[in-house]
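Per-chain residue numbering starts at 1, and chain names A, B and C are given in the order in which the chains are listed.
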Amino acid sequence: MKKYTVAIITISDKGSKGEREDKSGPALRGMLMGAYEVNDIIIIPDEVNIIADTIKRFTDELRIDLIITTGGTGLGKRDVTPEATKLIIEKELPGFSEVMRIESYKITRQSVISRGICGTRGESIIINLPGSPKAATECLSFIVDTLPHALSKLKGDLTDCG
Amino acid sequence: MKKYTVAIITISDKGSKGEREDKSGPALRGMLMGAYEVNDIIIIPDEVNIIADTIKRFTDELRIDLIITTGGTGLGKRDVTPEATKLIIEKELPGFSEVMRIESYKITRQSVISRGICGTRGESIIINLPGSPKAATECLSFIVDTLPHALSKLKGDLTDCG
Amino acid sequence: MKKYTVAIITISDKGSKGEREDKSGPALRGMLMGAYEVNDIIIIPDEVNIIADTIKRFTDELRIDLIITTGGTGLGKRDVTPEATKLIIEKELPGFSEVMRIESYKITRQSVISRGICGTRGESIIINLPGSPKAATECLSFIVDTLPHALSKLKGDLTDCG
């Protein structure tokens, strides 16, 4: 069976300038590489247009199935990942964001600060994760089992859900 | 005491053409018929305009208190129930949708895929439920106790909440 | 260390006319006065413009760090606090509202009715709480530990989150 493809985008001003080692991207790749064909990790700065254009390149040109972003979901002035994601998604998937925040809240109350959103564009799913390796991998763990089913529905599987 | 009225709308292309038996509508009716005066179940296709017009007929013309939809909340190309509902609600009720997804997630992780929304129009409450009989009845069970209180508040009960 | 400042706004037609004693405002002040410098409680009617202008005066002119509202989040015709808040926030903080509803739901199912929203304006955070003293203090208890961290991030703390 052909594996779904995934692109991981680390969104960090410092990371994009080489001033901070990207630990979240590799940690997420480690979680996903068994089930997905994982592209190179891309590190970009916290700029709305760059974020939106990078996601669109993965969805519209490269037809990547799953786009995972890490970083830029907080309250800092430079945190604009949700705003950039909102610009390019077609259908929002509120349940993914809700469950990641509510389940993370059981581990650390600060998780409610994340403003990340999730949604679809064409036949791709875009997921915003927080920036820290611990928070990003925890959040992904709450939805990772559901993503293949969601992708298969998005791509036209018409069988009834249980 | 006069019972509140409820209309159940099954939203399904196959169901509306008689190609699939509607199991969700009758299951929901079974849950609601003790406490509500339940109208006939209507089965309509996954078309934005038909869904929006059907809900509006129940709220604006027939003055039905509670409109329950089942189906069309997923990720398929034909799933447009949330989009249709958004067109006609006046106030969104985010808590109903959140709690249905979070509580269902404890039973099956796939529940986070549902994009259903809830809201008010005039003195009616509209609730989107997923399409499968199991998911629809589970979701309704998490909010069914709260609906009479919500309806009474919407219709002008000014006593303080506890 | 300088304490953050907080303003508490009780939103209630009856309260603003002196027809009902404000119990929520004082209860919230009691929870916050240890950690914050608490301003006088303001009681205003359920009017969109008055609510929006009052919040803006606290954020834009008085530079209050945290604005807590109580009341007007329900389904009554006069309940417009979320609509007023939406007019003036710049970034929404969905996680705060979600976790308050989901955690309160474990105590009383009626909590899902609250339509309260949370967000930022400039370097201030605005939190809508329900109107009853019990619900307002319960909801605040679920996020009160997180607010100083959120404020520090909003005001420019660039250290990494754990």
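By definition in this document, contacts are C-beta pairs under 8 Å (C-beta built on N, C-alpha and C of every residue); 3 or more make two chains touch, one makes a residue touch a chain.
Because the structure is a prediction, the values reported are computed rather than measured.
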item	value
Graph class of chain-chain contacts, one of line, ring, star, complete, other	complete
Same vs different contact residues, chain A with chain B, by half of numbers used	different
Centre-to-centre distance between chain B and chain A (centres being mean Cα positions), rounded to whole Å	30
Residues of chain A engaged with two or more neighbouring chains	98, 102
Residues of chain B defined as touching chain C within the complex	91-96, 98-99, 102, 120, 143, 145-146, 149-150, 153-154, 156, 158, 160-162
Partner chain C, residues of chain A touching it in the complex	74-77, 97-98, 101-102, 105, 108-115, 130-132, 134-135
